[in-house]
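Worksheet: one structure, shown below.
In this document, chain identifiers A, B, C, D, E, F, G and H correspond to the written order of the chains, with residue numbering beginning at 1 in each.
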Amino acid sequence: MSEITKEQIRQPENLVYTKTKLLTDKALSYCPGCGHGTAHRIVMEVIEELNAQSETIGIAPVGCSVLAYEFMNIDMQQAAHGRAPALATAVKRLMPEKLVFTYQGDGDLAAIGTAETIHACNRGENITIIFINNGIYGMTGGQMAPTTLPNMKASTCPYGRDVVTMGNPLKMTELVAQLPGVRYVTRQSVHTPGNVRKTKKAIRKAFDMQKENKGLTFVEIVSNCNSGWKMTPIQSNKWMEENMFPFYPLGDIKVDGQLVK
Amino acid sequence: MSEITKEQIRQPENLVYTKTKLLTDKALSYCPGCGHGTAHRIVMEVIEELNAQSETIGIAPVGCSVLAYEFMNIDMQQAAHGRAPALATAVKRLMPEKLVFTYQGDGDLAAIGTAETIHACNRGENITIIFINNGIYGMTGGQMAPTTLPNMKASTCPYGRDVVTMGNPLKMTELVAQLPGVRYVTRQSVHTPGNVRKTKKAIRKAFDMQKENKGLTFVEIVSNCNSGWKMTPIQSNKWMEENMFPFYPLGDIKVDGQLVK
Amino acid sequence: MAKVKGDIVIDIEKCKGCEVCITACPNDVIAMAKNVNGKGYHYAESINEECIGCANCAIVCPDGVITVYKIKL
Amino acid sequence: MAKVKGDIVIDIEKCKGCEVCITACPNDVIAMAKNVNGKGYHYAESINEECIGCANCAIVCPDGVITVYKIKL
Amino acid sequence: MTEEIIIAGFGGQGVLSMGKILAYSGIMQNQEVSWMPSYGPEMRGGTANVTVVLSDERISSPVINSYDTAIILNQQSMDKFVDTVKPGGLLIYDPNGITHHPERKDINIYTIEASEEAGKQGLMKTFNMIVLGGFLKLKPLIQPEFIHKGLEKSLPARHHKLIPENEKAIEVGKELIKAVQLV
Amino acid sequence: MTEEIIIAGFGGQGVLSMGKILAYSGIMQNQEVSWMPSYGPEMRGGTANVTVVLSDERISSPVINSYDTAIILNQQSMDKFVDTVKPGGLLIYDPNGITHHPERKDINIYTIEASEEAGKQGLMKTFNMIVLGGFLKLKPLIQPEFIHKGLEKSLPARHHKLIPENEKAIEVGKELIKAVQLV
Amino acid sequence: MKELRLMKGNEAVAEAAIRAGCDGYFGYPITPQSEVMEYLMYQEPHKTTGMVVLQAESEVAAINMVYGGASCGKRVMTSSSSPGISLKQEGISYIAGAELPCLIVNVVRGGPGLGTIQPAQSDYFQSTKGGGHGDYRLLVLAPASVQEMADFAGLGFELAFKYRNPVLILSDGVIGQMMEKVELQPHQPRFTKEEIKANTPWATYGKTDDRGRNIITSLDLDSHKQEKHVTHLAEKYQAMEENEVRYEEFQTEDAEYLIVAYGSSARISQKAVDIARAKGIKVGLLRPITLFPFPKKPLAKLATQVKGILSVEMSLGQMVEDVKLAVECKIKVEHFGRYGGIIPTPDEVVAALEQKIIGG
Amino acid sequence: MKELRLMKGNEAVAEAAIRAGCDGYFGYPITPQSEVMEYLMYQEPHKTTGMVVLQAESEVAAINMVYGGASCGKRVMTSSSSPGISLKQEGISYIAGAELPCLIVNVVRGGPGLGTIQPAQSDYFQSTKGGGHGDYRLLVLAPASVQEMADFAGLGFELAFKYRNPVLILSDGVIGQMMEKVELQPHQPRFTKEEIKANTPWATYGKTDDRGRNIITSLDLDSHKQEKHVTHLAEKYQAMEENEVRYEEFQTEDAEYLIVAYGSSARISQKAVDIARAKGIKVGLLRPITLFPFPKKPLAKLATQVKGILSVEMSLGQMVEDVKLAVECKIKVEHFGRYGGIIPTPDEVVAALEQKIIGG
């Protein structure tokens, strides 16, 4: 076995993995280690796999990913806080042949956007919702979200979320899974290679189902917010495994219209 | 057995039933046979039983019962469409010693007010929600509500609700029952004496639990809308039994914080 | 079982003629009047002596216009 | 099992030094540089020849700055 | 020529559609028309009324406070509108259910026993057409051919077979109308 | 007297609190002060900066485009602010991590090796106080007693035990500051 | 061939929208405009033109559906009445900021709050000065007849696309609920995919290789870019002021006094002009058809001719400010209004003219 | 004893609210005002004064919580920034219609739409003319310093209860985010039950035998009653115009030119006055403190003295209309503004004065 140089390995034919062309060259605006970046990437990879760039419309509301349109190399709409499912409803109904997805944070989807989320789901709009649940309002400086865990600290619950006065964390994913118009619901994460692969499969499945007009598909990604949680990325991923996953367990919740959990 | 005259029977000491003093003398503005009237009355009867006139604040948003304040002889707030739970949240938090209830229609609670309903329930606000589900927007002339049954006609679905394009009827009651902050959830009706009695008991239970600071209590009353349904009151009650109850089955859904259905 | 005798008083001007009370009465005491009230509704009236004061009619009357009396015989 | 040899190329100016790739690498190929890049981050760099081109690092890198190559030996 | 008319009664009496037929007929006759209903929260059993204006000129306001003609079909409407008839104007009413008859001395008053007649003939649906007939007898503002066209236009096609019946009712109304007071 | 200062660096360098201590000290000394941060969506790792104005008069605008003094703690801030120093004004920077040194000829330039010093002493937390010391050496706008009061006021009570340490850092900074160019 | 019909204003705008090639309607019921959606649902245009009609869960959802649909280069619309329009303010500001064409119909009722369901004109400020946040303007059309309710659907879409700006039809309960005869325009096809590509190259219909990605947004974190954007908007509003002013004059040639009124009030004022003229008062009427852009120039011109102006509105007095600004306070301008759902009579208008302007 | 602190405007208004005996705050995060709620949550006033602080699920919920709380005679408030305030328009109109006292803080950012998070003053129209539907007015206070952010909390509640009307503090990103020194007022207790009964006999705190039921509503299906109600509101606004006008003048005594500016712009304009005076230009500044009621009379008076007015706003020009109306277009009035988040410099203001007013 002769010695192989780096040059020899770094040949186009040996390429195993590189950033998809469906992400622009702009440096992502996210904090170091933030799951938003990974989530963006796998969504775009799936669209690339489906060869669907020209038929996809993405919709991102406010939240850290408000600038998703700077990174996702597809046609995009920037929605008002909470309203992405309403936009997506119109887009899909007016152009049923397109692939339409929303990319929403937990503050967005589970607080101000509760009605739009529930009703798009209940109507069974034939769209895909990608839901990034980091248990906090990242964008605005780490305020409590509906999904913030009990006793977890945030800037509007500096002494930890008191469930008595601030309510329980809201599992929107489990709620929408109850609705007959919703076809596929899963909860995943993107903090390890294995999880990234699974999540990508889930997104692929969701988009495939959308193409088959099966109804609404919903992919929650439990993610970190290092800045909001005031941890390093590595700490936050660990904290997420230890604290978020027990409350927001990963796995499929509804498959082919049947609750599986 | 001597003949007794009507005069002899109609003596104060023989009084079995008369309209509660907690209803004003104004003639109700509802259509003939509309369940709103009965629902109003039993809510007021319970407050009378609890001797709670001076500590009760009622909140009714728009809908046919927008004028509830003309009939209920208690302090009342008229809320914007869908927002009664938000008002009630503030009222109860600012005056925890008071008895606070909302009285909302299905259009109000399950459409525009979805977010306020879900979040008041999720926070476990210590209030009581009385939810009049007549499967239609009565007030505005019989438009489709989120609760309208499949194929049921309404002015915005003149050929019947098409679940494919208009979505499935939304069972908000079952949804909110999922939330840990919600303590008691029941579905009743007021179209027969027996049902009226049961519903009154349910309301009493809800108010009692509120007094014990148990969390949110939620009483759905499946009711008729003769005008919206374009039937006589008697027909509508029959239609309700045959069509609404199978989809919205009567009975307790959550008792003492435990799902029972 | 002690025998009872009841009677109802209907505020006919407020009655809306919905007939719900009729369906609820176990003893067919109530019927709709031929005449109409000021609002144009055929109002409910008690047509016989069979009332037992069970209050069913009053309890379901959406407009709360029925008052019920009862004596034990 | 055929032996493989991999290599990674990191766009160090875009690396944010989050260290997620380090945790993901089965062969401890990656470490943080002592130096910082233009944005002030200590960036990731490959420190040995153990790379097997599994792409784990690239897959978890939130900023997508790693490119992976592999050849079968 | 401008004729300002209020038609008022119970919700189920066909008040709005009577107005609509009148208005459509006016259009067929190449007149300017307006039809303005009272609208409100859908708490039924109340009154319904509609203001119809027929004119040779552009109509300024479809909402009016005094009328050339009032067609009154129940007591509540009588109470509300009796004073809105212009002096010298016309009041037509169906006496059925009317407890307080109009006492104004400065207007022309006619009665039309339309509900009784409709009941007799078992044609409750054409009650409003009988009333319309009475009105047209007194104020033949619209030619029969245009009434026919108006009916065609305002009824859905599946109800066109009922047009002859409606026209018959109009003729019946013309016979039934009775003067009570003329000024 | 009005002194308009920009302090700019990384998020974690204590830029905002340095400004706050300066401002609080100004208040203690009975001056008018304003403190205005750059604010933005919380996408960390970016730069943070704050404008502090100390004055004997009412301060008109807390947002300024050119400064008497710029205290610069990283390259990005250098790029952004070097041209905003008023001619004849003062630029202080920590050379650590600076790749392009300032080339302006019309301003006074000083360096302060604060991060190196803080690293040496293992006192990364007082890094910003070292820088502040350097500034105060050059512009003794605030009397030490008021700096003390400013620290008392701006630190939460539980951190008051750290005040001596901070004051020491200020003294260290006074020693460390080095002129590069004087105009 | 044009078609003659007797229709409600609410029905007319709905039918005209179908005929104007509208792609989508998104609404929520509220009196006195629920007939718009009811008419559409009854007509089932999805079976004929393919137009989508959807009852949203709220006005907030409806206006954001409009945002989504407009972003695709489609002709989309919504309608509501005052409280519902208030709920839409954030969405409207977004639509204006993102420069999306769409049609919004407000069939005004009396406010504030739940108020009354009867007609009013008290949403003038909200409509013309921007009820939402930020510097933006709607192009506002004020119909005074059922015919105009129909005509302005087509015109509204045309202007919306011309300027990439939301167009508001500011109607009221009278115009919405009354029936009048209408001449309907012939059907116009919906935009084809090719037309969308050609007319609205900015629209999000899927990024193809021949162009960069299209983005619909109103965000600019960089204030300098945002300022540029707002300047661009200002230029657009300026262009509207230059090109799109619409108004009607009645008997102004020899007028010594002027009434300014829009919508229902203008109809009533027209009658008032007749009554006043019969009394020998030389009064004319200027009816603004566009409320923004407001007919400033014709008013300024008339201000050199007449002695005083009565601004008639069913409100406490909102448009009167624009009238004053238009005539640069050079002559007397007074407001007359009824409100809370009350419609003034022509006689009241004449009396107000006599008292406030001629006598005053 | 008054207390001296270095605080952000957002913190100051929060702290001052606690001290003013505020009963409840209901809000939703949005830059650049999130510190209001964050400060309150950190202070935990429920443990000291008993004040309730609640993070609502949205701005719509928050404003309706305010409606509910105000209906009980409580001192309640909310805060937001431009897009969030737009969402609140329906609720604000209801509150105005039902005549409820409350405090609303808008820390304005640049719009329209999502716009920018940087400071702006482009919500002037929305604030002063009614962004919601119907004829109503807010009483609008425009702080120009952190001190005033604090002072206007107490003043705002006082005026809100005096007039049973919502009071808006129209601030901006500069005032909200900057720190300055503040003198804090001593703590004032929250209303007792007895006080509520005495001061707000209309409030819904439970019907007792000594009175009829209290009802909070903005509805009147009877238009004549609704018209009466609106007339009553108009009288109230009239009373505010007579009694509550607040403003500040700088160097106007000998001024030949005038700048009118509020909030941050006024601070900058004050410096501009100094610069201009140093150049020999005799210019003064009028700073409206209340934007509604607008200081019409003092402006009208100054209009007889000065030759021209420059209205300075961080917007395309909104307040300038009120300035023109106040001086009845008798002298030249021009607008100068930066926008989209850009803050003008004093030099730019002076240059604009020279070009548009003196030279122009």
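The rule is short, and it goes like this: a residue touches a chain if its C-beta (ideal position, glycine included) is under 8 Å from a C-beta of that chain, and two chains touch if they have at least 3 such contacts.
Everything numeric here is computed off the predicted structure, so don't read it as measured data.
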Shortest hop count from chain F to chain G along touching chains? 2
Once you count every C-beta pair in contact for both, which comes out on top, B-C or D-F? B-C
Inter-centroid spacing, chain D versus chain B (mean Cα positions, whole Å): 62
Taking the mean of the CA coordinates per chain, how far is chain E from chain F in Å? 86
Can you compute the centre-to-centre distance for chain D and chain E, using the mean CA position of each chain? Integer Å is fine. 87
Where chain C and chain G are represented by their mean Cα positions, the distance between them in whole Å: 54
Multi-chain contact residues (two or more partners), chain C: 16, 41
Quick check on chain H: which residues sit in contact with 2+ other chains? 31, 54, 57-58, 60, 83, 90, 94, 98, 113-114, 117, 217-219, 221
Multi-partner residues in chain A (2 or more other chains touched) are 30-32, 66, 78, 80, 111-112, 114-115, 118-119, 140-141, 146, 166
Under the stated contact criterion, what part of chain A meets chain B in this complex? 111-115, 118-119, 122-124, 146, 164, 166-168, 170, 174-175, 178-181
In the complex, go through chain D and note every residue touching chain F. 16, 36, 38-41
Hey, which residues of chain A end up touching chain D in the complex? 1, 4, 6, 8-11, 14-20, 23, 27-28, 30-38, 41, 190-193, 196-197, 232-234, 237
In their shared complex, chain A is touched by residues of chain H numbered 28-31, 34, 37-38, 41-42, 44, 54-55, 57-60, 83, 113-114
Complex contact set, residues of chain C against chain B: 3, 5-7, 9, 14, 16-20, 23-24, 41, 53-56, 58-71, 73
